[in-house]
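Residue numbering begins at 1 within each chain, and the chains themselves are lettered A, B, C and D in the order written.
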Amino acid sequence: MDLRETEAEQAFRAEARAWLSANVPQGLPSGDTTEGFALHLEWEKKLFDARWAVVSWPEEYGGRGASVWEWIAFEEEYYRAGGPQRVTQNGIFLLAPTLFEFGTQEQQDTLLPRMANAQDLWCQGWSEPGSGSDLASLKSRADKVEGGWKLNGQKTWTTRGAFCTHLFGLFRSDPASERHHGLTYFLVPLDTAGVTVRGFARLDGDEGFAEVFFDDAFVPDSAVLGGVGKGWSVAMATTGSERGLTLRSPGRYTATVDRLLTMARGQALDDTDVQRLAQAWMDAESYRLFTLQQVTNEQAGRGRPGESSLNKLLWSEMDIRLHELALDLLGPEAELEGPWSKGFQFSLSGPIYAGTNEVQRNIVSERLLGLPRK
Amino acid sequence: MDLRETEAEQAFRAEARAWLSANVPQGLPSGDTTEGFALHLEWEKKLFDARWAVVSWPEEYGGRGASVWEWIAFEEEYYRAGGPQRVTQNGIFLLAPTLFEFGTQEQQDTLLPRMANAQDLWCQGWSEPGSGSDLASLKSRADKVEGGWKLNGQKTWTTRGAFCTHLFGLFRSDPASERHHGLTYFLVPLDTAGVTVRGFARLDGDEGFAEVFFDDAFVPDSAVLGGVGKGWSVAMATTGSERGLTLRSPGRYTATVDRLLTMARGQALDDTDVQRLAQAWMDAESYRLFTLQQVTNEQAGRGRPGESSLNKLLWSEMDIRLHELALDLLGPEAELEGPWSKGFQFSLSGPIYAGTNEVQRNIVSERLLGLPRK
Amino acid sequence: MYFGLTDDALALREGLREVLETACTPAVIRAAWDGDPCEQLWKDLGSFGVPGLLLAEERGGLGLDELAFVAAVEECGYHGVPGPLVETLVSMPLASLPVDGSARVTVLSDHGPTPYAAVSTHVLDPAGSLYELTPETAEVVGTVDRSRQLAGVEGDPLPLDLSDEDVARFERRGALGTAAFLLGLARRQLDITVAYVKTRQQFGAAIGSFQAIKHPLADAVVGTEFAWPAVLRAAQALVDGDRDSDLYVSMAKALASDAAYRMSRVCLQAHGAMGYTVEYDLHLFAKRTWALSKDWGTASDHRELVAELLGIRRDA
Amino acid sequence: MYFGLTDDALALREGLREVLETACTPAVIRAAWDGDPCEQLWKDLGSFGVPGLLLAEERGGLGLDELAFVAAVEECGYHGVPGPLVETLVSMPLASLPVDGSARVTVLSDHGPTPYAAVSTHVLDPAGSLYELTPETAEVVGTVDRSRQLAGVEGDPLPLDLSDEDVARFERRGALGTAAFLLGLARRQLDITVAYVKTRQQFGAAIGSFQAIKHPLADAVVGTEFAWPAVLRAAQALVDGDRDSDLYVSMAKALASDAAYRMSRVCLQAHGAMGYTVEYDLHLFAKRTWALSKDWGTASDHRELVAELLGIRRDA
């Protein structure tokens, strides 16, 4: 057990903290509206200019080659300083690890710098109207043509799709295939002819979702990531990996709990509030500690199947409890529009996106506990 | 809505209350040990002699022809006075309604009076080692022979089987049948040759269970209840019926809550305790009110499928919460043997017996909500 | 003994259901979200006598009792009737206002802006006065459920002559009506969800066949099914002028708040992403649930009242 | 940064596992239920050095730290080691007693009879004294977990010279060790249950394939998996003499108490009737869980301490 940061890590954290406290914008509107998104892009470019956009990436792509420990420290400092949720996250946290692992040199050299400086904005094309938890049933097609592929079909629940420039998605490239066979992972500019995007509103009314329609949209062969027919394994390979935990860094929740404690300090509390606040702190702290253990185990080659599902079950259910507590402490003000009521509505998506919690419970029981699938 | 008791009902309740307060034995040991059972039998005979053993039965069988409202009132008074759980309950509450509905006149005339005065003590032979929630997979056999049947197989989890004199049970009478077809409901004296009973201990250590082995045990044709091959429908017909609610009368829980409130009155409480106590009272009271509504609806022909499963989910989960609260209020004493720790252990069987709560949730969602079975 | 709605109340609810099925569609609720006071809906409710349901016949009302009240309000909850429905019904006996739907009466908040003030014609202050509103000038405060239309209240109120008993009954009816409305909202969310999970296919089966969907729904139904008799019991306690009225009203509101909130959570989760958009109707009922579960006292407030009335004391 | 047990602690746990698999079978626990002090088991633990694990090497102990302590105690919890295991390990540094397993030290209760007093050789009173016991004369108080062997403590204690710091560290280690023991008990119950639901067939399938079994187990596992890093963190805080030791110890005990209790409920339910008998082993671990989840402070007590240490105040 060694909980001490190295001198380099301490220096990294100190530099991040100093820069963030001086630069984090306060009171940005939601990034899920047209106007808000533009303001968030300014922030992303500022992060990039100071080389804080993608700290864990190599320097040549705009990063600092930070270790995963430094990345966790950066995230802690980022959320402690009140940094907003990153509108670039689906690119830098979901696509980028896949590009690093499966991309050609040319794909990496072309795409990563443009992703880092928020020139290309990536959204995810996984879900379809008939394929949510059961992703392997997806029907969007890629048909081979001279020099490339024609894409047809529909993706939906695409987060920030209406504001993004590119989509990474899974398409069925072998029409005779079933389930997770015969799928290919494509990288698609959204201005491709034959691609139509329609934004629609989330639960909180912000236009954070989009449907994306493909009507004979042509993409070249170079748009394939990781090989034709390898889409499923490419999409799944980074799930639960070291970088897989980047979806929800602990700093986000420890910062939420700090805000909750600050709010609670100003008011009279009963025993129930006190117990719930203590539990809130313990939940976020245990998530942080679990993450440290998880990274350690992965670095030592002791990672276990299903661990990232445990992770997801905890943060998603915790996030709802934190916000329910905040709303209870707010009393009658809870129904007003504000950061807590907005955060509550957002928290309700936690047990749904990135694989519903029902699916996560299946994964934990089947892969970690070894219970039979059927 | 009419919540008033009639004059007759008031008089009935007053008479019950007066008799019970004068006669209910205090501090009886558990009825699930050999010595305790004998003391409980004395109490049962006393109840019978005063015609309080089976109040809802016709007078000729030892009852008072009480209405279901009067029965509920009797149960309230019984538990309020501190009456013990009835060791005769599986006969008078589970078998008797079936006998009234399906029994021949001779079966009724022979068996009911002996059940009422606790001369015959009945246990239930449903579960088998391989058939619990999936009762329809049962394997115990009844083979037709001259003048009767030969029973073979094993029943288990038979409550108070080691102290009873008779068993009612389901046996597969058609060897070619599957699932819930070809079953017959038999009434079996436990002193029949070829029947062996082995008692074993429940979670609390009392010998409340038995395994019952059948080895070519002969029973005459008159041991069949409700017709050969009709076993499943006979066994299920009374479930959820008006008398079906007799399994757990509300008076039991309202009395538990009264004891809980009495205990709590003597000690300092924090806000959490106060909230939990209020919730405990509301839960028991809502169960009482739901029962009144359920009886009303059934009498008006407005009963709904699955209602008795709602009922079971509520009382079983509530009973655990009531006891958890009691143990929390007891503090360090909670681990000592005593009525609350014993009651807690018993409460843990609630979500298991009489159909596990997992099965009840299937029933509610399939029969009441109409969700698909598979 | 007869525990349940009278045939009259059942018939009232059935009639109201027919009216609301056409008069209060989700499109009407969506209009209310944009600030529409929904005058046609209120006119329809008025022609059915709903606003004056609790007002004595001799004063122009229907003169019905609290059992009819909870029956009607639960149905209104099912249809998500926007505006101050419960508030209007419980205020009418205290104020002399038209019961034809032209008067929509809300209740003055004692902490900040008042719900429905931007779409109401009057505000009752139970401390003893009545404000007339000019809704067009109201500045609406942003809320999660936009049909709540919170706004500040200004102007010179008319004094009302209210006895302590009037006010106590008004408060009880308000909490009770909100409990009934919540259970209507919960029933609607359940119906929407049951219909969805029966048809939505994943992994080659309707998702409603999975225990992961079935069991949480069954547990949520236990909550709402056991809250309803508490609402009925409280209604009857008010009809009878029972000493235990406060106890039963608080029990009803506490159970209904918790049960409806839980139902909203389970129903949203059962929809997966499908429910997580304002384009789908579920949220209209879920967000109203969140607001009303805390209005007229939270579950926790009412449990505290129950504890007090049961004589549960903190000191040994 | 390295968050986890050291290789030494892992090796210790592995060695202990091999010892306990033969030395602490369910039959041994059942003997403890009948009042057997399990001297052979304690001798085996003694020959492995366990009782003196925290005692300095120069005083005859292993001189290991709290990380090794929680690793060893968790494994003892998995095997349900009967008697005052945690109590003995944390008392040894305060008393001069043999560490070969011949001394079994329990801790004086400040409210009624003392756990394990009927099977211990000594009782430590953290107020500053040590009793020697004559177990054969003890009158055992009936408990749900009969291996607890509660009894009154009488006699003339020997004074001990304990500093405030000694006692504070003793209390922290006691709560922490109990948290680790609880997580071992939970892991055992989980293993028993996973094995059972994989083989038990109903409705033509292993019941472990049903979501009704899978999902509650998965949720219970979330609880125990997230409690363990808290135990490690608290252990490291004690090793480091961290200012936050009390905070992390209370967090560990609160999380472990709740998680282990919940696991016991879910595991019992997953067994159906099969777990509801003393003939099956599950109850041996469940009942210990119930007792220990409240021993050395309940979850609620420790949450209250966490709140105090975080500066959460009741007044505005």
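Please note the rule applied: a residue touches a chain if its C-beta (ideal position, glycine included) is under 8 Å from a C-beta of that chain, and two chains touch if they have at least 3 such contacts.
This structure is a prediction, so every number in the text was calculated from the model and none was measured.
Taking the CA centroid of subunit B as reference, the farthest chain centroid is that of A.
For the pairs B-C and B-D, the larger set of C-beta contacts lies at B-C.
Between subunit A and subunit D the centroid-to-centroid distance comes to 39 Å (mean Cα coordinates, whole Å).
Centre-to-centre spacing of subunit C and subunit D amounts to 51 Å, using the average Cα coordinate of each chain.
The set of subunit A residues touching two or more other chains comprises 270-272, 275, 358, 361-362. Residues of subunit C in contact with at least two other chains: 210-213, 215, 300.
In terms of inter-chain touching, the protein chains here all touch one another pairwise.
The touching residues of subunit B, when paired with subunit D in their complex, are 127, 130-134, 137, 156-157, 200-205, 209, 272, 328, 331-337, 341, 345, 348-349, 351-353, 356-358, 361-362. Those residues of subunit D that touch subunit B in the complex are listed here as 109, 111-112, 141-145, 148, 150, 201-203, 207, 210, 212-213, 265, 268-269, 272-279, 283, 290-291, 294, 298, 300. Every residue of subunit A that touches subunit D in the complex is listed here, in rising order: 1-6, 9, 69, 261, 264-271, 274-275, 277-279, 281-283, 285-287, 289-290, 292-293, 295-297, 300, 310, 313-314, 358, 360-362, 364-366, 368-374.
Subunit B meets subunit A in the complex at residues 270-272, 275. Those residues of subunit C that touch subunit B in the complex are listed here as 1-6, 67, 190, 194, 197-198, 205-206, 208-209, 211, 213-215, 217-219, 221-222, 225-230, 232-233, 235-236, 239-240, 251, 254-255, 300, 303-304, 306-307, 310-316.
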